């Protein structure tokens, strides 16, 4: 299990005419938390791209419990709960203090520059695997 | 069953450094299809808000099959498959010609100006109900 | 002089907590008008990029007279008033019926794939030049 | 003269298919710098709104020197160079280390909840005035 957390402050640009954050922006905040997690794992997304890998989103889901508002200081936690294979699922929580505002997840696959799925880079898997119990045959 | 479809042309602003549409933008296109559907049902969202109703998103899910690119002309279909009660679920498909790019759904509830859930307005339910078979007791 | 006009319908996503359109979105609407203009000139931006040209923004300015709101149907006019040389300036007006909401302009240069400025492609200049009086020496 | 600076890290969502930051996003970063400046002046925008004031953008201008890219860590400086009267002009610089990427400014007016221009709140002007030399009659 890997868990990291990131800070977000709500921009006016992210609000809508209901006076709350427009719902699509949480996906962008999930991106922030994901990029931050990869940094903390020692496998920055910027470097993965430089090595010819992309990590597009294949699926996403969100549950909206309470709205965030302009200027709120939020915490976005990201966690990987199962050792990834070809696909990687990341779970997210957006919190304002102790209040859970939004829950969600994204599923990703590594693809190469030609657009086809590839195995995750070995160095990436090595870093991830440190956080999961060894599987003893 | 209600089904409508709307046209979207991809903006450069909606692309990202992978050269494809950033994944969060599909939620905005779902919004376009939803607003268009309400228009075609004779219950424009603009009017619902003027009457004191809001229709926030409670849940959303998306499956990304193929990426859209800059300047693509897309069709976004929206459908309501079950007569809504307190909650309304809308399903979406984003198509480029015959290719299905993205599938998804959003679930909504009506809330009043005080932020609390309310029953859908009667006029709205009357318009929706025309499209579903009468339930005979 | 070249002048074209394009239609935009305001998305909920484009509004902010003031209940009006967030000011940065007008730059995206200018993009829509610009792309549309290039289409109508017979030099689609998509094709220019395929030929290895990019047309980044070097300068932009905007004057906000009146706010646009959710669901407004707007017209965005784009005009080229002077025969472009290395730099191209495009002027814009955002209108709601007869009301002028926002005025602005963007200045662009063609750059090649290496990121350096280049002369506009000959075919592009030929199409533009048709709309300006010939300069007789 | 008032000058403050704020940090921004480039989101993938902010990039476009040219592989650089889409030009409209700099206006959003100007907003971040402006909100931060008001905080540091002791007049948070959130509080101004709560007191019934809005501070819409009347004019904006931008000069793009060099592009920002995904994951760049940027500094956005904001400065007020002249004591505001009914209108407030703020100047911005977006820097990556010592490189100046973008320069710009926005002009604002205070409006009341009815949408009409009003004088800036006295408490706000008092805080601003501390940073400018007293005008001796």
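For reference, chains read A, B, C and D in written order, and residue numbers begin at 1 within each chain.
One rule holds for everything that comes next: a contact is a pair of C-beta atoms (placed from the backbone, for glycine too) under 8 Å apart; a residue touches a chain by one contact, two chains touch by 3 or more.
All of these numbers come straight from a predicted model, not from anything done at the bench.
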Common contacts of chain A and chain B?
C, D
Looking at Cα centroids only, farthest away from chain D lies chain B
Centre distance in Å when chain A and chain C are each reduced to the mean of their C-alpha atoms:
35
Based only on mean CA positions, could you tell me how far chain C sits from chain D in angstrom?
25
Intercentroid distance (Cα basis), chain D paired with chain A, Å:
30
Chain C: which residues touch two or more other chains?
12-13, 20, 24, 28, 49, 70
What is the shape of the graph in which nodes denote protein chains and edges denote touching chain pairs (line, ring, star, complete, other)?
complete
Which residues of chain A touch chain D once you look at their complex with the stated criterion?
11-13, 28, 31-32, 35, 44-46, 49, 70-71
Give every residue of chain A touching chain C within the complex, in rising order.
12-13, 15-17, 19-20, 22, 24, 69-70
Which residues of chain B touch chain A in the complex?
17-18, 20, 23-25, 27-28, 49, 54, 56-64, 67
